[in-house]
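What follows is a set of structures for review.
Shared between the two complexes below is chain A, which has chain B as its partner in the first and chain C in the second.
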Partner chain A sequence: MKLSVSQPQLAHGLGIVTRAVSPRSTLPVLNNILLATDEGRLRLSATNLELGITKWIGAQIQEEGSITIPARIFSDLIGALPGNTVDLTLNTRTQTLNIHCGTSNFDIKGIDAQEFPPMPVPDLQNGVELNISDFKEMIQQVSFAASTDEARPVLQGVMMEIGNNEITLAATDGFRISVKKTSLSTPVSAPVKVIIPARSLSELARIATNGDETISMVVPEGRGQAIFHLKDAELVSQLIDGKFPDYNAIIPRSFKTNTTITTVEFQKACRQAEIIARESNNVIRMHIQPQEQGPGIVEFSTQSEERGSGEVVLEANIDGPELLIAFNVSYLLNVLDVISTPNTILATNADNTPGLIRPVGDESYLHVIMPMHLG
Partner chain B sequence: MPIKILPESVTNKIAAGEVVENPASVVKELMENAIDASARSIQIRVEGGGKDLIILSDDGIGIPIEEIALAITRFATSKIDSIEDLQRIHSLGFRGEALASIAAVSMLRIQTRSKDETEGSELICEHGKLKSISRKGFPQGSSFEVRDLFSNVPARLKFLKSERTERSRITDLVLYYALAYPHLRFILEMEGRVVLQTAGNGNQREILAAVYDVETARQMLEVNLEEQGYSIHGFCSPVGITRSNRRDIHFFINGRLVQDVSLASALVNSYHSYLMVGRYPIAIVFLKVPPADVDINIHPAKAEVRFADARAVSGKLARAVRLALLASSPAPTFNQTLWGSSNVETKEYEIFNPSQHDFPPSSETGSIEGITTPESNHVQAALGLDEHMPLLRVVGQVGATYIVAEGPDGLYLIDQHAAHERILYEQILDKRVQKKDMQLLLDPILFTPNARETVLLASVEDTLEEIGFQVDAFGPGTYSIRAVPAFMSRTFSLRIITDALHELDDEKSSAVSKEKEEVVIRSICKGAAIKGGTILSKEEQENLIRQLETCQNPRTCPHGRPTMIHLSVDILERQFGRKGSR
Partner chain C sequence: MRYRKILHIDLDAFFCSVEELLNPDLKGVVFAVGGSPDSRGVVSTCSYAARKLGIHSAMPMKTALLKVPGLKIVYGHYKKYQFYSEQVMEILCDTTPLVEQISIDEAFLDVTDMPQKGAAIAAALQKRIRDETALPCSIGIASNKLVAKIATNIAKSSYHGDQTPRAILEVPAGKEAEFLAPLPIKELWGIGKKGVPQFIKMGYTTIGDLAKTPDGILEKQIGQFASTLKKRAAGMDDRPVGNEEDIKSISNETTFGKDIDDEVEIERTLRQLSEKVAYRLRQQGLSGKTIRLKIRWPDFETHTRQLSFPQPTNHDTVIYQSILRLLHEIWKPGMKVRLLGVAVATLTTTLQQLSILDTRYQKEDQLLQAMDDIKKRFGKKMIKRGWDVQDDPE
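Right, the complex of A and B next:
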């Protein structure tokens, strides 16, 4: 293998794929990055067997070949080189990669590329085309609600359902649920129903740049994997096996009190209250009070035995009876962060039943939070 | 009635599952069989905690040679014909499963002679394979020799506790049965030593002395109530004798040792206002209810029952206990020992008793000259002196595991996990979170503990509730968790509960052992505390330090490990050669 690439491009590419390197793998080759010539480009791949990322960058290839190189050393080194052309030359006999850039010259020992787990090649014919910015928004609105509890792996994933020219993402950690639906521009051939690790999707959202236009997603039959193909990158994620909770059954259908609040005001009230609330289990109380005349008010209150207390009062459009309900303020902030409409609805029934939050005028997103019970 | 195989229509309805879980369950099944066989005397020999050998001999009716092979056949029983029989049976066995299950996992030898035979028979079975049946002379009765239990099921073997634990389980079990059947003679011999021998003269107090101690046995109040076909009889403690947990509350229902959380609660509630918070009575109560009013067929090891009208039974029990308490006209006696065992004192003791915990030997942590860890202050700390920490300014986080902070007297390295453990622990004990803020769950998490875990869970249910869990029974063998403490909504995992139960199980399980609550709380704090390797924002780091400052014992985690290491200005100057050179 002998080729030349531009240092900034290589450093950028490494920044992307190293996210899939497992820091403490017992398989030495998994600490490495695969470098391979691939139809006029240099392919960089890394995998921790759960998540694999490939990035292609432009290269001038003089001699085909492949090698794996320790990720950490290689990316540190490339990052420290000047922004010129980097020449990479493999000594196949010693499996050593020579890195030459300007007046710098390094030799790094690698491991045979044969030992690197093969990355699946997607059959793009059967892919689902997803609009990048839409899909990134979906991920952002949903994946934070996934759980980190390793004892319940299913909840660490995001449920993806595609059918009827519509895609739905849903995630829940048992305390809250996020659901987002978007219609697809191109019809799908077969419905899809898979659970993708939330972490994989977050990585995908990070790699996908809006310039890439579309993502094609392929779920090869019986492989337990999903492959996301971008213009010059690819992400392979292991799917999570198991039964995702029937979230539709948990989401309440009707509500007694509908409270409409300006999103920004709602967010500000929570931010302020959070400063005290984080000292006492993140509890924020919302006292929703409709008024005889004019708009109603919502009183946000927080209290910490150690630090003090506080109230913020907001005007709101309230339809329904009065209610005092407590939430984890960080859950509220998480969802308000991903709502971009000017107004937000909080729909509630009682202080011990789930509350629903959704953007006003955008039916595609909803979020459900279970309240807290104060002793 | 001869032994015969139950038709499938009946076996389908029998709560099947794991019958033999440990040596004690073998002893239990064999004892129940002997009792069913109208034995007057039951002799038990145990070796190697029951793993090596269990022999149970009785003088009951014996088994005729033509039926002996059926005795070890699954679902073969002489005790019922149809599922309806369960409504009226008075025998302890009915599934025909016990001997088959024991035979499958051991080397089994049965020697028996039925009362109608002149010659006895011997059956040998190895890991479920019938080896031989032969005629031999024996006295009337049966003897079951169970060798090398689980030798063919390594997985089970692995899950057995220490021999000591298994031995105490067996002893407790035999004691309770001896108490329940005071007209039978029991002899229990363990590792060559007779540990229990009852006279079979019907005197329960004599046996109580072996269960508790002579003094407690003397003081135990008698419970007696006969009503509408129900009979409630047994013993409960006067208000002066308490435990820190419910483990010493036992029930026999229609002759069977049964776990029943709601009965235990009813009993504890009868003591309402007589006992300090966190203290529980001890009791062993024998209930007889009409067989039709209780379903015994819900648990594979018959460890649980379901009453047709549970409320009525609890009500009767509560009344019986209250009558006993009133009769003894109790005056609450808050004596020295009672106060002496309150949480605070034992906590201090446990924290600073290094032999009980696996914290690093001081040579390891104190190896750099001049660095002080709290251990060097053990004695002082144990006395409650100089425990507070100075106000610290956070500098940053190292390795996503330690927080570096500056104090008036130098540099502090704080272990974030240990520190958080300490904070949570004190919050729980302090009842600062006794406000019990809970995060409700959208959908209850269902949890099916195994038999052992179920027992442990029952014993710590109150503690879990105090911390802020909402755990409810949800059908046989299943619990539902409907809320978790607010402080751990982000870190909650079912594993935290199971870990706590297992940790509890590893503790020595003698009757008057250390406080269960503490074990559970410590374990939960460990599970809920932020892990090493978690990146914290500056805000979170500061918050952690602020909270640590408010702790009473900020320098150690609840397990006794240090939360912080202090590098004094002096040592810094020395090490950098600034001191002395000037």
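Right, the complex of A and C next:
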């Protein structure tokens, strides 16, 4: 293998694929990145067996070949090189990669590319076409609600359902649920229902930077994998096996009090309250008070025995009876951060039943959030 | 090093002294305040004249009457005791803000910042209480709470007259260990009645014996508690005088008219106690992480068992289920029980995140809210769980 690549492109590509390198793998080759010439481009791949990422970058190839190189050493080294052309030459006999850039010259020992787990090749004919900017927004609006608790693997995933020319993503950590639906521009041949690790989707959102492109998603039959193909990158994720909670049954359908608040104001009130609330279990209380005349008010209050207390009062359109309800303020901030409409509705019933938050004028997204209550 | 000046004040034969105020004819009479000898009454307190004849508190009234057939029994006027106790505590709070009331008739005072000598403050306080309430008291003075309380006990127990002791005893600062050394180990906090014979068996008769054991030996004999106990034996105690946390636990208990061994009745009693405790928790906006069972056998031996949850609770059923688990760790069919108690401790007002997937909790919560609401409006007996209706003969 003998080729030349631009240092900034190589460094960028390594920044993407190294996210799939597992730092504590017992299999030495999984600590490495695969470098392989591939139809006039250089392919970089890394995998931790649950998540695999491939990135292709432009290269001038003089001799085909492949090798795996320790991820940490290689990416640190490339990052430290000047922004010139980097020449990579493999000594196949010693499996050592020579890296030459300007006046710098390094030899790094690798492991035979044959030992690297093969990455699946997707059959793009059966793929589902997804618009990148739409899909990225979906991921951002949903994946934060997934659990980080390893004891409940199913909840670490995002439920993806495709059918009727519509795609739905849903996630829940047991305390809140995020659901986003979007219509598909091209119809699908067969419905899809899979649980994808939230972590994989977050990585996908990070890789997919060009909003004009499309992503092709392929779920090969019986493989337990989903493959997301972009023009110059690919992500393979293991699917999570298990029964996802029937979230549709949990979403409340009717509410007693509907409170409409300016999204930015709502966010600001939470940001302020959070400074005190983070000292006391993140609890903030919202006192929703309709008024006879004019708009109602919502009083956000927070209290920490050690630090002090605070109140923020906002005007709001309130339809329904008064209510005092407590929420985890970081949960509120998480959802408000992904709402882009000017106004947000908080729909509630009681201080111990789920509330629903959604953007006003956008029926495609909803978030259900459980209040905090005296245990 | 600056020594503190701590007073421990204890009203002498408090209930009896109040009864004598209410009825001056009782002066000098051999009498006891307590329950009826027909049922399960015990002596709450008795006059010094009765003490001389061998009567002591917690003695079953039946036994007391056998011992002193002429013993006059006075049924307690508990509201009056409360009233007099408050009068005394007011005087104490007027002396210093650093008052820690430890029971109806006992308190600690930190008078370090007062210029007078400890003994002078004690004498003035004793006189003022006498003048304003006509109640006698004894006072122990020392550089810490532990020694001050022991000083009061020693001062009172060395009195052998048939009036009240009205004693004052000061342990000079720096002489704590010396004062404790000759005292029998039963005087030390943390050993307890049951512990005394064990300690004597191990060779510790006096507090001094404990204080001078070389490091490590007591640890081997009694474990972790050794270092605390050795400190105490040396007269060391740095706990401040102050109001303890407002509420530490909420509890309810029942003493049976007749010892019972019927499992159904025991469980029903525990369920009712659990419900009472849970209701009180909810009314005060509290929930707790520790559930505690108290059980007393017919011979008065009392045991407690407890368990803790990561999440606090104030639900009847959660408390009751835990109490049942604890019961079966300690009680076996056929064992007779005299008293049962349920307590919830490690209390908090902190809100907890509710789960959206496991809604059993919320359902129970809604049910309890509705029941509490009815109880508050129409009385506690207006609504019951189905199982209580079946059990209840009414």
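The criterion applied here is as follows: the second predicted complex is superposed on the first by the 372 of 375 C-alpha atoms of A that agree within 3 Å, B and C clash if a C-alpha of one lies under 4 Å from a C-alpha of the other, contacts with A are read in each partner's own complex, and residues count from 1 in each chain.
What we mean here is this: a residue touches a chain if its C-beta (ideal position, glycine included) is under 8 Å from a C-beta of that chain, and two chains touch if they have at least 3 such contacts.
As the structure is a computational prediction, the values presented were derived from the model and not from experiment.
S.K.: Using the overlay on chain A, decide if chain B and chain C clash or can fit next to each other.
M.R.: Aligned on chain A, chain B and chain C clash with each other.
S.K.: Is A:P354 touching anything from chain B or chain C once the two structures are fitted on A? First, second, both or neither.
M.R.: both
S.K.: Under the stated touch criterion, which partner chain does A:N328 make contact with: chain B (first), chain C (second), both, or neither?
M.R.: Both partners.
S.K.: Does chain A have more residues touched by chain B or by chain C?
M.R.: Touching more of chain A: B.
S.K.: Using the touch definition from the top, say if A:M370 reaches chain B (first), chain C (second), both or neither.
M.R.: A:M370 sits against chain B and chain C alike.
S.K.: If we overlay the two complexes on their shared chain A, which of chain B and chain C does A:A151 touch? Say first, second, both or neither.
M.R.: First partner only, chain B.
S.K.: If the shared chain A is used to align the two complexes, which stretch of chain C, 58-66, 166-174, 238-246 or 328-336, clashes with chain B?
M.R.: The segment of chain C occupying space taken by chain B is 328-336.
S.K.: Under the contact rule defined above, give the chain A residues that sit at the interface with chain B and also at the interface with chain C.
M.R.: Common to the two interfaces on chain A: residues 172, 174-177, 245, 250, 280-281, 283, 328, 352, 354, 368, 370-375.
S.K.: If we count contacts the way the header does, which residues on chain B are in touch with chain A in the complex?
M.R.: 432-443, 445, 468, 483, 486-487, 489-490, 492-495, 543, 547, 550
S.K.: With touch defined as at the start, can you tell me which chain A residues reach chain B in the complex?
M.R.: 148-152, 172, 174-177, 245, 250, 278-283, 305-306, 328, 352, 354, 368, 370-375
S.K.: Once bound in the complex, which stretches of chain C touch chain A?
M.R.: Residues 282, 285-287, 311-314, 348-358, 362, 365-366, 369.
S.K.: Considering the complex alone, what residue numbers of chain A touch chain C?
M.R.: 172, 174-177, 245, 250, 280-281, 283, 326, 328, 350, 352-354, 368, 370-375
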